[in-house]
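The following pair of complexes shares a single chain, chain A, combined with chain B in the former and chain C in the latter.
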Partner chain A sequence: MAVVTATAVLSPLTPSDPNAIHLEDQLALMTIKHILGADFHGRDVFSRLVHGARVTMVVATVTVMVAAVIGTLTGAIAGYVGRKVDAIIMRTMDIILSFPAIVLAMALTAALGPSLQNSMISITVVTIPAIARVARGQTLVVKEMDYVQAARAIGVDDASIIFRHIIPNCLGPITVQATLYMAVSILTTASLGFLGLGAQPPTPEWGADLAEGMRYMREAPWVAAFPGLAIFTAALGFNLLGDGLADIMNPRLRE
Partner chain B sequence: MLDVRSLKTHVFSSRGVVRAVDGVNLAIGVEETLGLVGETGSGKSMTALSIMRMIPYPGRIVEGKILLEGEDLLTKTQAQMTNIRGSKISMIFQDPMTSLNPVFKAGYQVSEAISTHQQLATSESWKRAVEMLNLVRIPDAPTRAHDYPHQLSGGMRQRTMIAMALSCRPKLLIADEPTTALDVTVQAQILELMRELRRRAGTSILLITHNLGVVAEICDRVAVMYAGKIVESADVKTIFRKHKHPYTKGLLGALPKIGSYKENLESILGSVPDMINPPSGCRFHPRCPHAKETCSLTEPRLVELEQEHMVACHFVRD
Partner chain C sequence: MQGMAAFAIKRLLLLPPVLLGVSIISFMLLHITPGDPVLVMLGESAAPGQVEALREELGLNAPLPVQYARYLTRIIQGDLGRSIWTRSPVLSEILLRLPATIELTLASMLIAIPIGFHLGVFSATNRNASVDHAVRLFSLSGVSVPVFWSGLMLQLVFAMYLGWLPVSGRVDSWAEPSRVTGFYILDSLLTGNSASSVSCIRHIVLPAVAQSLMTLALVSRMTRSSMLEVLWEDYIRTARAKGLSEQVVVYKHALRNALIPTITVIGIHFAWMLGGSVLVEVVFSWPGIGRLMFESITKRDYPVVQGNLLVYAAIFLLSSLVVDLLYAYIDPRIRHYKR
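Moving on to the complex of A and B:
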């Protein structure tokens, strides 16, 4: 995970332009010049991987952050206000959740038109319900706490209670959930890219590169293998981070 | 000051209507402390929450008047109530361990109570918060204000709660078992503090408790509640010496006395009735040692026996 993040941040320092075409190096093997080889257009696989990390991290971070903010707000409001508002918000979320995330993301992206930006929008949409559910569940627990009652008893209004007393006490589980969804977001981005619905060529994106590499699997397996490996590692990294966070936040293991 | 008239709060559960508070009359004078006593489930806390207008769903106040300085709180909108809470009536809760928000500093929580009702600069409300913490005798308040709740002891947290509740000088403080969760020595300190603050700020207190020792310590008058109704009310001395209702007698009998040795403490047989189908007639009759036939048929009215001494029992004259 740390490696992926570092790579993404440091990507502008890589030796060669990820889109630079060296026709003489078409599908070149791993050499000093191209340490992970080159693809069909003679582009350096390593550079594309490194720059792809950047695209992936930006997409994953932005989508999950936006989804976390919207999901937390809607979930907390649903949980706090309850009854009708709760029913309307959560049933809407259930409708979104009733589709497999990837299918819905594909449909949305296809409808909006394939592009990186539209794939980000659809990934955000499919991530919101997951966060909202956790936020609502946590709100239901927190709103019964004595300190929320005590705050009401000294005349704190509902909006301040949600923002100052409920949301801060819900952030732990939401953070864990959001981190886990980073992994899902990375996979979905790559999937959409792979299917040609996400980042459009020549943007270096792992999913799209993987799809392109597939065509030369026999002649030059490295072109497909490395983006695949990168997706796998990044997703695994975020999953492990999420699990780690869950352990840290577990009060029984703390102190 | 506060006048509660025939208050009825019912909870509409799926099993039926729970008559948690069923026609309660209470009056508290200025600077007076009224103890509301009763077993768990007798409706004490529901009465308190009704006065705060903080009955959780599916409960509802179905009838009655709650007059605070002549104004009926039941006619207020939620927004008006939010304004009244904290500035006119405040409440402190039983468990100081969970009544403070774990993510904020103690001082911040008191200053939140202040700034909710007054437009003040942050630094100004912080200063006032520290003053309040000082007033409730938190040692070294300016430094302690920066502590988080988990760094404070139970007694200090309850002091912080009191500071929050009193920061806007409410006319009425409702204390729901404020000392139950504390050590005995700390209990005494908190009671002493409440007594002192009452004198200083001129606050009336509605103290909800099942601890008769606490009642004797701090209350002026006592109302004994059973199954959603007040069964006896009088000043403290009368309640302890000349109580009439068998339930009051039972409560006092269950209290150990220093200096007299008893093999077994007396207990009241049975438990608080199911309030969906309360017993007919006098609600205490299934557990009352003196119950006669009339008790199960007609409900005794609350009659004034002497000045300020009200009892609801058919055999009060005997």
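Moving on to the complex of A and C:
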């Protein structure tokens, strides 16, 4: 169930139509000539959805990847070195986590100036603590394991230990978290876009398009409905994937 | 309860550095803006006199550490500055709208928790039946739905097409209750204004439902998995062997232990919802701190943004503390731990 649906949803990765987004300036909103209708500017909703998919996937992937790298490193270092370094790092994470994610992302993006790049930065910042926590947790467990103790006894330097032993062992749970956070990132990007803080027009972005469609809800609800459906499907796909991964990881760990 | 007190104190001690960090982030918000923040706030065409005046007022001419020191002293005293737009104190603007958000969050929790809970229990007790799968799919969907979309769809169907419920706002303008607590529903009940109560309740339904979805989904999932874990434990088998009815087994024994992680999740979600209300408030024009955040960001009213951020963090930290203490209270291991 999990994997099948996930792969079906991951197909938005293909930016098939290199369609011009600015189609003939026909007035708003029809249905059949444009498969999913057109928006107020006459742009084809379907093409915007597809191109928006590319934007969304890029944002989600980049933010989560960067957050994962930074988070894993920080968490592993915190867990391994312990004491003061650990305290400082985790307090910083706590500080970031004291704000509701969307609110902080909003504020950061607004301060830096609303744009796609800035929203990506904000989302990355907000995602780092969660991953760091997972990494740290795993590190604490792995740290005590025999082969790590052995390596230290032989005199292998700490950096090598972290990179060759600890981090590979963190990857499992982190992959699960990262996948789930892809879904979160998609939703947050869309939310920021919806609020006008993400991609700026005319860049197609699901959230921003939805906000625009909001104005014509009565006459043409499909302009808002479809981007939302897209967001939902993408997020659902990653959630399913993440769940599936989590299930796979568990029994294996118990072996 | 010695362990509990120690735990509480330890927990409280963690607060000051976090609060400090929070204040730093809030402070820095103004300063990470590329370009001149004052120009951003007033607009490019502002008169130089105005610009200078604002700069003086915000103390931006002093060196950074001095600015921060002043900032910190002010917020400790509760002075969050003045809104650039309305010139009224930020704190009062926030406090004016806070009850609206709390009311919305409470309503959402009221919907999410009982329904989510029963769905979870139902799902756990009928494991792998088609209903179980349905509930699980629903849960996953609930977590994946963008809140503003569900809000919009609800608006579309129930307000615009069916006309059963109002589209937006907190209350019809003619039905606004006299302000006693700021919680409209409570106020209208206290003053005996039934027309107002009805109006308020009608207005809160859609936004509360929209906001409850994610928590509902999560609660049902958590309940389901905790119950599943517990249902196969030894003491449950003992209870069954004793001949107790399935009903008793489930409700008396399994539930109590399954509750613990669920309660933590609920607590976290209350805090989270307070922040996540931004989107719902924007869609439904609900006059809470979420919408304030959005509006002040749009208007570049930095003092309000900063103050709002601080308040959010404060609320979040406070609720986390309460949740932790509650959790410690419920979990006997922490309670009876003695050094």
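Here is the rule we go by: the second predicted complex is superposed on the first by the 218 of 255 C-alpha atoms of A that agree within 3 Å, B and C clash if a C-alpha of one lies under 4 Å from a C-alpha of the other, contacts with A are read in each partner's own complex, and residues count from 1 in each chain.
Please note the rule applied: a contact is a pair of C-beta atoms (placed from the backbone, for glycine too) under 8 Å apart; a residue touches a chain by one contact, two chains touch by 3 or more.
What you are looking at is a predicted structure, and each value in this text was computed from that prediction instead of being measured.
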Fit or clash between chain C and chain B when superposed on chain A: fit
Which of chain B and chain C A:L236 touches, first, second, both or neither: second
Partner chain(s) touched by A:A150 [first = chain B, second = chain C, both, neither]: first
Touched partner set for A:M106, first chain B, second chain C, both or neither: second
Which superposed partner A:G82 touches (first chain B, second chain C, both, neither): first
First (chain B), second (chain C), both or neither touched by A:G196: second
First, second, both or neither for A:H165, with chain B first and chain C second: first
Greater residue coverage of chain A in the superposed arrangement, chain B or chain C: C
Gap in Å between nearest CA atoms once chain C and chain B share a frame through chain A: 7
Interface residues of chain A shared between complexes with chain B and chain C: none
Chain A to chain C touching residues, read off their complex: 91-92, 94-96, 98-104, 106-108, 110-113, 183, 187, 190-191, 194-197, 207, 210, 214, 217-218, 221, 224-225, 228-229, 231-232, 235-236, 239-240, 243
Residues of chain C defined as touching chain A within the complex: 14, 17-18, 21-22, 25, 29-30, 32-34, 140-141, 143-149, 152-153, 155-156, 160, 271-272, 274-276, 278-279, 282-283, 293-294, 297-298, 300, 305, 308-309, 312-313, 316-317
Residue numbers on chain A that touch chain B, as the complex places them: 82-83, 145-147, 149-158, 160, 164-165, 168-169
Chain A partner contacts - residues on chain B that touch it in the complex: 52, 54, 57, 79, 82-87, 90-95, 98-104, 112-113, 116-117, 161, 164-165, 167-168
